[in-house]
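Next come two complexes, and both contain chain A; in the first it sits with chain B, in the second with chain C.
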Partner chain A sequence: MSSASSSQMGQLVADKHVRYILMAEKKESLESVVMDHLRMNGAYWGLTTLDLLDKLGTVSEDEVVSWIMTCQHESGGFAGNTGHDPHILYTLSAVQILALFDKINILDVGKVSSYVAGLQNEDGSFSGDMWGEIDTRFSYIAICCLSILKCLDKINVEKAVEYIVSCKNLDGGFGCTPGAESHAGQIFCCVGALAITGSLHHVDKDLLGWWLCERQTKTGGLNGRPEKLPDVCYSWWVLSSLIMIDRVHWIDKAKLAKFILDCQDLDNGGISDRPEDAVDIFHTYFGVAGLSLLEYPGVKAIDPAYALPVDVINRIAFTK
Partner chain B sequence: MHGRPRKASKPEEEAASAAKAVKLRSLQSQFMTYHHDKIYTKEAIELSTKLLEINPEAYTAWNYRKLAVEDSLSRIGPDPSLVKPILDEELRVVENALKQNFKSYGAWHHRKWVLSKGHSSTGNELKLLDKFQKLDSRNFHAWNYRRFVVELTNRSEQDELQYTDDMINNNFSNYSAWHNRSVLLSSLLANRADGFVPEKKIPDEYEIVHQAIFTDPDDQSGWFYHLWLLDQTVNVESPLLTSSWPSHGSSVILSGAGCFNGSPSNFTTFCSETGSFPLILYFDQAVGGVSSLTVTLDSELKGNENLVWEPISNKSSQVSCVWVARLNFSSQPCGSKDYKVKVRLGNSPGIVSSRGFNFSAPYEFVFTAHVHDPAKDSQERIVSWTDGFELWDAQSKDLNSLVTLGQLNAGIDLKWRQAAIDSEIECFRLLADSKIGKLTLARLLMASEAMMSDAAVKGVHYEEILQLYNDLMALDSSHHHYYKDEHSVAFLHKVTSSSESLSRYLFRYRDMNNLVCLRLNKLSLSRIASVNKLLFVQMLDLSHNELHSTEGLEAMQLLSCLNLSHNRIRSFSALDSLRHVKQLKVLDVSHNHIGKHSVDTTRYLCSSPLSNSDLSQDDVRRQNPGLVTKYWDAYFVLRDLNLKQLDIAGNEIAGDEFNSFVLQVVPKLVWLNGQKPGN
Partner chain C sequence: MRQGPCSEEDCFGLLKQFEHVLESDPLIDEVGFIHPSQFTLLDKEAGFSNVYLQPHDGTSSKFWNQDHKLGISTDILVQLCKDAKHLFLLALDEYKCHGNACREPQIKSISSTPESEVMKHSQAVLLLSSDFGTAWNARKLILSKADKLFAFTDELRLSGLVLSNSPKSESTWSHRRWIIKMISRRFSTPQDIITKESELVESIGERSKMNYRAWYHRCWLVSYMEVEQVIQELNKSKRWAGLHLADNSCFHYRRRLMLKILDSLYVKGCNAYDKTQAHKIWKEELDWNKELVERYVGREALWLHRRFLSLNWIMYFTSNHSDVSPELGESIIMMSEEIAIFIDNEIHLLESSMTILDTKFEDYQAQVLHAVAYMLWLTKKMPELRRMLEEKLGTEKVKCLLSKIGEERPSLLHHLVNV
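Entry: the complex of A and B
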């Protein structure tokens, strides 16, 4: 990294972040007990960040994989941690982690894909689990998961797309259910799902692009919807959405990179939602992923739709 | 995880926190035992209550409670006086959890689950929602839950509209309220509810949203609502035909392969190896249902009885703004015969916009096709972009027949729309110093231009529009490229606003029988626009601009030569739209940025296995899987083009490996980088 450019915008303390992730894994703090139920998500955030920094080799693949398999339910779905109930959220994270390690082949793909496909409803929407909560997040998760497993044909893709389109708002954005307000997180999910199913023609790219680019605040950071505070996690959701619809040039990328770098804990590693706030794995992942999309040197390229490294997705998409 | 200050914890804090962790861990562990053993005793249920009080995000505990409720209900039977207390307890637990974290998905869903059982009071729910609104008027969980309750109660849309009125009057900076207003109002307008006619309601809404925008021009809450009102004002519901090729009243000369003989005024000559020419329909919005049943053809050209109409879009879409059919002319006896062709649409129903509105205004246009003998020698010559061009004569009769820029389908009710735009323009001139003032004014002036039919006054606003975008680039530098793109769009609208202004960029290319060439090079264009007015273009020079994609060019069905050298193209995926331009023979993408960037912004706008479209295999893919993965977008895009001449020099991707890969993918290529391969 040249000192001229890094001193202007700050430096990515990659080694500190790697250490932070490896240590966070071991803590038995109140925070980690409270988040016990979403450990599968946490593992995905931590491991993907390590891979983006080319340090995936520092973890024990066998340990991770065998723990993942203890989270699988007889229904085929995965829980957030051993003993918890299965849910589509953790099923995707499990599949994504296995994709990182190129270990999808250890799965009974038929079983996992049947669990996911079984959650599609008549109107094309997806429930999160047997209890029926419907949200476009789950549409994205199902489509992303089944596409990685190469089982998209197990669902009614046309209806799935139809449901997502029914959640499109008059400002060009998307909400969690029809009529719900546009939110960057939901927009990422809907745009990502449409991208993976070759359906981006349903997006009004100029209208949504303007809504998204106006998420950039004076600080350079991005918020999730109008009149809210900037947050590093939106650097992922807004940025990846802009990239998928080819409108990322509508924001100031250098200013955003500087905002993300300012959210680092330069001493202890980790990235927070806003400068000087407490760090966590969630924001560390989104910060590094955001820098990847901004082509920050030393960070591997990440796929904006699947949220996994490009080399992982290209390997899956172009072989066989 | 959000909004907590970063500070090192003191040892006392750490000890207290560690103690809490131990307690929580034992609580969770005990809960798991009850859950897995399916124990639903009062004691067990109370444990889950305690757990959810501390950690409302423990989703398995909400699942457990649902199982416990179902277990209880199965035991007590249907008596409402017994059922209600059980469900009320669940509502109490949810309310406590929401007090801890009013954004908990698990808590809100549990509440919906309870309400769905039908024994709880929805009146209470609305009161609860009022409480949450006061705490955070932007809580989207609460707004979603409100929609859920409203559906259960059958509250009218008018009442809910009034609610958004109240919220907005209380505090205009409430995007959530504006959003809900837009949903309700568009539904009331679409259903033509009592008193909800656009010409009355839209102007009223402009008044209301002005207060939001003018009070604090930096607050975004009203911006997107205003843009929606503008869309409602400018865009007519039913689809319209904006242009066609050939255009009404034009005369087209058709020739088979080998276009290299003929008279000087042959600029409308279209040469085709396949003996067919495209008939292009360009609508103002995406439509479906264009077929030989909904578009009728009256012509002496034989062999065109059941035309196949295709949308210019990717395979999974049945709708498009642009539809093409290929008319056969090769089976006609040659010689000097003029064939009249009459095209009619809107007489039978079937053409429907993607929003569900019918194309209803019957329209017909007539053109003349003159079929020429094909040339005997078809010598392929390399196309030069620098020599052999002559400027077109602006006064020439042929030019005016070629360039028909007049408004089609006039006669829609424009009065209230034009009045609204004029009134808004007056208003926003008062905000001319602010970003939103300038941006809105520019958009209003563009809208005004689009609605203008009087040729004498058309084009007056463009100078001001371009200046406004220049101002905005300076005023709001973070969004520089957004304004740059809008500037390019306005510039191209200006260029195509009259045949006089367009003629300055039109040339004849002598080497190809005076093929009409549009030269838009060195204009700092970052975006393509006005393609609907440029359907006649066969040769296009866009070199030395700032383009990063060919989005929009798919409609140029006559395009055979395209120069994109010295632009900002980063990948072949950015050229995906050219796969629809089957006439394209000559492509220059030299001196771009292909191969320079690790991020591909058109990765999912290109049909490939990544977007689960185009999964086809061929020999090249089977024999070179590594190269196909490495150069996947070049492979999929070039494979679908019928290029004879390609220039890729001056890109990072170019080199021996890539160049030889290209020759495998495009075996019929005659010139690569100006040379014949194998030389």
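Entry: the complex of A and C
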């Protein structure tokens, strides 16, 4: 638990976070057993954080990559772990991790992209898997994934955009489906998808910027919806959304940075949702990613739409 | 925990016990994880009624079952979860490879088929690890072949049980939606299933505040409702909303219902009665909201609700444009007598909200901020309103409003001033 005096605040204990991530794999707790179905997401959070801290080299690339491939299903999609069912969520994480290691070339791109494209529905929305749950998160995932694989033409982009726009609410925000409550996570997904497809003109930037800047609480941290407590993960979703719509100056960046740093466990590494709470990989990633967007020294730049280091995105852009 | 090799009987003993309890008490409606120390206390309180769950070796029981509630000791969770997953995946593999046919030599008991094994083990694993999607999918696969309504309603019971311990489990809520879709496709959509779903969300919302997944589910149900049911829902849920004023999700649900009523005015067959009824509903909500913001000072969710109510009131219920459909989005609002009166009242509300009775009391300061943000947000949506505001209050007063916003959100002020 964090017990530092105020003079120690304002410092990113990067080495401790690296150690925390590397050790997290080994622990067996109820949390790790219960989370093993989303190991692919966990791997993405951990590895991306390591890369942002320039320590990706500390893991065995071969081990990770071969494990990832054991998670691929015959349909082309990826599961959260070996032997589990495929889902669009894990498919994106798999592709993102391979991008980190510059190993996208080992994929049968046609197979993966067909799986993703096959999940688009007639109204332009995307299902998460064959069982049909629709959510704008899946729209973002499909668009982000296919963009990385350079197969966006496999889907009906116009209809995809149309569907996302239909999820816009009166307050300028977006929900999971039309009429759903605006939520910072969903907003990130919708704005990210619109950004990647060059469709940001559909966003009322001032209105959405207003909603997003109202997420900043007195603590400096950001919440995801009105009346909720601040949470480090919103440092990513709200911040990246604001950056994508050019309104990041509408929040107090210094206060936010301080909030994130206060959420660190200065002794054992890791970042929690808010100060003094228990740490986890999920919040460690979002905290570091948030600091990256705030241009904190010692953290590599991250792309706000693709949620991958900028140098990885550049590498992809200049390949093929 | 397990040490050394053991027969299949001993291994998975806890899992077998767990599954046996579930089978023997089909009316269990709540599952929870209990710390061992609380366990011995519960054992004592239960007297001898829990004795059948006590192990023969004298160690304390790991399961507690009373009044259709099931408690599981936290110290066995990791092993139990691993065992359940292991057997589930084996059973699933068996089912997928060989269908539901029993292979003679492998029959453990006459009543177990690969299908029933998958259902049994998936139930156990989901009560421990509710977001294990593969387990829910296996059940969907098997249920897809079911032709009795009972199979689906029983599935609603199981997922309800899972939610009693994991109210935020996204996979569980998603599974419920799949069940309802299946029911509506294969049978019909009995209105009472939708009503019961809505009530379930409300009861879960009581324990799990502003649970996005739960309230999203409730909003999703609205697409299955006819307007009469929508109006009923609005009335029925009002009391709960009045007791949970900080629950933004709850008020968003009301907005969802009201939008459905608004949308219904623009479909064929809509008549003057419908419009009058909608007008009445909207006015009632506005008046009720006003009462609440005046009585309960500084509540953000209430002021946000007012943004929605006022904007839509002006756009669709005043003599502005009577033919504009909500789908066309915002249109230019032209000032009319009716709108002017409405805005006048809102300005009065703003002025009274700006009276700080006690500067030390945070809620009064919040009230000022929310009221000012509300008014300025409306001026953002309706530029004519800004001019009206300056006319009524004078430029000095308006500057004062802007500076109030500036205290909390300096960049927002900058934007508003430069527009």
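Note that in this section the second predicted complex is superposed on the first by the 308 of 320 C-alpha atoms of A that agree within 3 Å, B and C clash if a C-alpha of one lies under 4 Å from a C-alpha of the other, contacts with A are read in each partner's own complex, and residues count from 1 in each chain.
The working rule: a residue touches a chain if its C-beta (ideal position, glycine included) is under 8 Å from a C-beta of that chain, and two chains touch if they have at least 3 such contacts.
Predicted, not measured: the structure shown is a model, and the values here were computed from it.
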Joint occupancy of chain A by chain B and chain C, clash or fit: clash
Partner chain in contact with A:131 - chain B first, chain C second, else both or neither: both
Chain A residues touched by each partner, larger count belonging to chain B or chain C: B
Contacts of A:179 with chain B and chain C, given as first, second, both or neither: both
Which superposed partner A:57 touches (first chain B, second chain C, both, neither): neither
Intersection of the chain A residues that touch chain B with those that touch chain C: 28-30, 33-34, 36-38, 79-80, 83-85, 87, 129, 131-133, 170-171, 175-177, 179-181, 183, 207, 209-210, 213-214, 216, 225-228, 249-252
Chain A-touching residues of chain B, taken from the complex the two chains share: 1-7, 17-18, 20-21, 24-25, 28, 32, 36, 54-55, 57-60, 62-63, 66, 105, 109, 112-113, 138, 140, 143-144, 147, 173, 175-176, 179-180, 182-183, 186, 219-221, 223-224, 227-228, 231, 286, 313-317, 477-482, 485, 548-549, 551, 574, 597-599, 601-605, 607-613, 625, 628-629, 632
For the chain A and chain C complex, residues of the former touching the latter: 28-30, 33-34, 36-38, 79-80, 83-85, 87, 128-129, 131-133, 170-171, 175-177, 179-181, 183, 206-207, 209-210, 213-214, 216, 225-228, 249-252
Residues of chain C touching chain A in the complex: 74, 77-78, 81-82, 85, 89, 128-129, 131-134, 137, 140, 174, 177-178, 181, 210, 212, 215-216, 219-220, 222, 246-249, 252, 256, 259, 300-301, 304, 307-308, 311-312, 373, 377, 380, 409-412, 415, 419
Chain B partner contacts - residues on chain A that touch it in the complex: 28-30, 32-34, 36-38, 79-80, 83-85, 87, 129, 131-133, 135, 147, 152, 169-171, 175-177, 179-183, 195-201, 207, 209-211, 213-214, 216, 220, 225-228, 231, 243-246, 248-252, 255, 265, 272-274, 276-280, 282-283, 293-295, 301, 303-305, 310, 313-315, 317-319
